[in-house]
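Take a look at the structure below.
Chain nomenclature is as follows: A, B, C, D, E, F, G and H, assigned in order of appearance, with residue numbering initiated at 1 for each chain independently.
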Amino acid sequence: MKVAIVMGSKSDLPIMEEAAAILKQFDISYEVRILSAHRTPEKVTEFSTSAMKQGFSIIIAGAGMAAHLAGVIAAHTTLPVIGVPIDSSSLGGIDSLLSTVQMPPGIPVAAVGLGKSGAKNAALLALEILALSSAPLRKKLLRYRDDMKKSVLEADSSLKAKC
Amino acid sequence: MKVAIVMGSKSDLPIMEEAAAILKQFDISYEVRILSAHRTPEKVTEFSTSAMKQGFSIIIAGAGMAAHLAGVIAAHTTLPVIGVPIDSSSLGGIDSLLSTVQMPPGIPVAAVGLGKSGAKNAALLALEILALSSAPLRKKLLRYRDDMKKSVLEADSSLKAKC
Amino acid sequence: MKVAIVMGSKSDLPIMEEAAAILKQFDISYEVRILSAHRTPEKVTEFSTSAMKQGFSIIIAGAGMAAHLAGVIAAHTTLPVIGVPIDSSSLGGIDSLLSTVQMPPGIPVAAVGLGKSGAKNAALLALEILALSSAPLRKKLLRYRDDMKKSVLEADSSLKAKC
Amino acid sequence: MKVAIVMGSKSDLPIMEEAAAILKQFDISYEVRILSAHRTPEKVTEFSTSAMKQGFSIIIAGAGMAAHLAGVIAAHTTLPVIGVPIDSSSLGGIDSLLSTVQMPPGIPVAAVGLGKSGAKNAALLALEILALSSAPLRKKLLRYRDDMKKSVLEADSSLKAKC
Amino acid sequence: MKVAIVMGSKSDLPIMEEAAAILKQFDISYEVRILSAHRTPEKVTEFSTSAMKQGFSIIIAGAGMAAHLAGVIAAHTTLPVIGVPIDSSSLGGIDSLLSTVQMPPGIPVAAVGLGKSGAKNAALLALEILALSSAPLRKKLLRYRDDMKKSVLEADSSLKAKC
Amino acid sequence: MKVAIVMGSKSDLPIMEEAAAILKQFDISYEVRILSAHRTPEKVTEFSTSAMKQGFSIIIAGAGMAAHLAGVIAAHTTLPVIGVPIDSSSLGGIDSLLSTVQMPPGIPVAAVGLGKSGAKNAALLALEILALSSAPLRKKLLRYRDDMKKSVLEADSSLKAKC
Amino acid sequence: MKVAIVMGSKSDLPIMEEAAAILKQFDISYEVRILSAHRTPEKVTEFSTSAMKQGFSIIIAGAGMAAHLAGVIAAHTTLPVIGVPIDSSSLGGIDSLLSTVQMPPGIPVAAVGLGKSGAKNAALLALEILALSSAPLRKKLLRYRDDMKKSVLEADSSLKAKC
Amino acid sequence: MKVAIVMGSKSDLPIMEEAAAILKQFDISYEVRILSAHRTPEKVTEFSTSAMKQGFSIIIAGAGMAAHLAGVIAAHTTLPVIGVPIDSSSLGGIDSLLSTVQMPPGIPVAAVGLGKSGAKNAALLALEILALSSAPLRKKLLRYRDDMKKSVLEADSSLKAKC
């Protein structure tokens, strides 16, 4: 069980680290790669055609603007590819969102939301997929959800106390 | 290995049948359900909290307008939830797309593209996930991709012949 | 006559406090709650199904991104639900606005504008509703409008004086 | 308990009839009016300043394009005003939606979704408001919700039977 | 020849001052007014129905969000009304732009661009209209254009010198 | 008093005829021209630099897509230029609207709404401008408004009669 | 001098034929290919890396939805790549437009407008590029422009005759 | 081989310098001009009709808002014109993007992405065009791509080292 976190540019790292942090927290091994669909297309092909052999189960790919990375990776592998659209132009990210999610029929990409929230959710989605064959991971996920619940409930309580 | 195809309204069926057709073609069992996040919220809760026990591995959820279905299901299960935004208002589907994909951090939804293409890709994404623990399914997926390739190549050849 | 102000996350408080301030100014009791449609769905169900019994007349619900909160609450109660879309992603709030307002037929949400203006108007809308059965509240609302008028007229006069 | 259904143009009638049909079904009296914020502004002022005296509790206002009707009515009354944005230009209704919902602070409009779904929900929202002081109406609303539920459940069952 | 510059809120003044500055530069008398379509509707009616008698030839109206001001004024006068959409919400001004420009047939508003550029152009458009019956004003406008030309040509020359 | 109605392509005629019909109805002379900012730029320059000498007071310019026509004409004349954005691409007209209205500071265009409504309003705006120096035209405009009012009131009455 | 016209799917042919028709009219040889960035990525790589050797000077690439084709080709060649966004989803083509034009720095794509107009202009842009080293082609282009001019002037004249 | 870099306003220089920097790096001569389609239309005509005689092969034109510059230049020359939309209004640049790219059939503009990335790519696109008749320039372009590749690979390696 190993996850690849790929991004199109070094500048995407502060966003994609959110995904890495979640995988680390769940003790899932991952590799972080910078691979550009446009500047290093051969590397992307090489990486994605061999991803399964390299032991990856899932690929998380983040990119901005005309975000082709997730789709190009998906074209070369039947592993699930999760696309994180990144808000890096003046258009608020609608460009990367549409470039990521509107894949033509036949080659799916699993798109999550824009930016840091999306990167975090990409990792959680990867964990949900991996948990299909790992009861302990499923348990950890349930605990994670419980912790989120508790933190919301505490915020709710402390707010009530204040008002 | 069983997939649930859920939709918010009977009128979404022509779209979501695309997903069913793919699963059928790959001999994956599935159930098609009409469950509305807004009109039958208890049924959605009941369904999604028990989905794992019912033997489902993945849930595909299609909805239009303020498309809350996928997100609401995802809130009740740690199974992977794939959201299909459906174009059923006058806004071209941007409403359902954003309502599906822009999930807050903590509860992921795997969004695919709008409408029939999206529904088809939702099923293919589900297959890619299931194939993580099924070599035969992986092989079928590769064959499916080969068939797509061949059909593109043939279109390319027959076009060249014509010109 | 009691109003609930619900929000999806602690970070929405600076926005939703605008609603609380208005209700306070009109001596209408209210409770402020943090309840997440995705992270604490049971709490949302529990809260919204029992809201009437708890003495609430109206529920104001604010959320950002794929803002499902108002719609999910509305699914569990026939009390009027006022939705405040919050601008908390890179898309300027068009995601939360569409997720809040484009409800499917059958389950209404009363959407107001984005952010602080919207939160303030949500409270005023709640007061207009409550005033249907309270002549004194209606009077207070008319005075509030008069005060707004005066403040615009004063701004107009002081501007004329300056020019 | 009387509801006004106002629209900016005769051509909006096929949309706004959805609201009338719901009110009829619930035996709530209503009046349907054609009043244009731009072509008959005095009539709009006259109507909205006297709406309360005329016995109206709620005003539902539908308009397309730069949809000012709901906002202009709201400026003249402290009755709750529900705005129905209508898709009547080439922009898919985003013009009327934003013109209706983005009210400045101080004068609220309760916006619902675009077109027929919105008109229907406007009436249901009006009923929810009226039900605050009418237990029988509340019961009818609960029955209406039950009927919706049943119809979804039946669609679900009949679909299961077919598959 | 007198121009009215009207705005919906004191906070719009920094934008609308651009219009005033142009009129001042051309020695055209103007009055600046704060009148809110929603908070002081009677004042808007009073102002716009009497604008012609007050000696105004043209009305420039600036407003943000659901910007109804220009349209509401236009409904009460046959004087030319120039609308300046102001970017004062999180949507970048697309709300005020559409609310200003998409007027229904019968009541025209002359919309200019968003914000300061728009306010400046509103004044220049007013001058172009006034110049239809004033040869000296037409000459001043031509000189203004010449000055703009010169400043562009100088910028061009000084850039060439640098490169 | 003569108005020019210019359009970028023969295919815009069905839209721009709405403007011509209004001018005809008000007995204002006009000329209809097909001049393309991109295909006949010299003709546009020639026309717009000589428009005043040709006796035109106002220029109405309609164009679709990247609608440069109104702006290009405005660059060559200080006559008021009214721009009609035409919906002729797959983007619903947002392209022509923004290309028409978002003029840079210095060269104003008076934009009206999209399509037929906009073309009609362009003519009415032209009439409002011409009426600044023609009391009889002002009277005709007031009568036109009265007729609009009557037709709304009649629609209102006949609707009341039916219900 | 040979141009490649590539498209992502057979269904794009009616659009891309506009480009072919122009090239034919100018006696420029071209090849039409169907190559999918997602379904036949190796063929796209093979084609684009060898395009120069195959004698192509320019590549015109049309695709819809998350239109990656032009960008992916551009990543493999330093030949000029012209991207034609095609309107084939419910979003009016804004998805393919942004996916085509918003290329990250380093790998340019020359985007033209949506659909048939765009395809035609793609071919004309290719001709303009080829004409840089072919005076006869430049002459033909000037004649083509003259013909367009004439056809606009004739439309203008015949319209004047009618009015 | 000489390239013109034209912009509508001095304030566009920080963006357009990105294009100049690339051309400098490749030892291609260029001239930078400030020419406004609206404020100096004659200069734009003069420049673009004589551009070929002045020895220019390609024109790069950057402008914001209703960005007519590239289109207007293209109307006067059959040289390839590359349009750089600049984000200079509150709309995030969607106004300048659509005004640049959505050219009507007959007069092509090669649009690149928004802002600095777009300006850089405009220059690279110009180089790709010039390289059609210059093998040494082609080689330099290939080296530039290799350098980009290396920098991505290094970023990838240094990231792997860190993790």
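Basically, a contact is a pair of C-beta atoms (placed from the backbone, for glycine too) under 8 Å apart; a residue touches a chain by one contact, two chains touch by 3 or more.
From a predicted model like this one, the values you see are computed outputs, not experimental measurements.
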Selected interface, D-E versus B-D, where C-beta contact pairs are more numerous: D-E
Repeat of the D-F interface, chosen from B-D, A-G or F-H (over half of contact pairs identical by residue number): B-D
Chain centre separation in whole Å, for chain C relative to chain A (CA means): 34
Centroid distance [mean C-alpha coordinates] between chain H and chain B, Å: 42
Whole-Å separation of chain centres (CA-atom averages), chain C against chain H: 48
Multi-partner residues of chain A (each touching 2 or more other chains): 9, 36, 39, 65-66, 89, 91-92, 94, 101-104, 106-107, 113-114, 117, 145, 148
List of chain E residues in touch with chain F within their complex: 57-58, 78-80, 82, 97, 101-114, 116-117, 120-122, 124-125, 128-129, 131-133, 138, 141-142, 145, 148
Contact footprint of chain D on chain F as seen in their complex: 87, 92-94, 113-115, 117, 145, 148-149, 152-153, 155-156, 159-160, 163
Sites on chain C touched by chain B in the complex: 8-9, 36-39, 41, 45, 64-66, 68, 71-72, 74-76, 89, 91, 94-96, 98-104, 106-107
Residues of chain C that touch chain A when the two form their complex: 9-10, 13, 20, 31-36, 39-40, 43, 65-66, 89-92
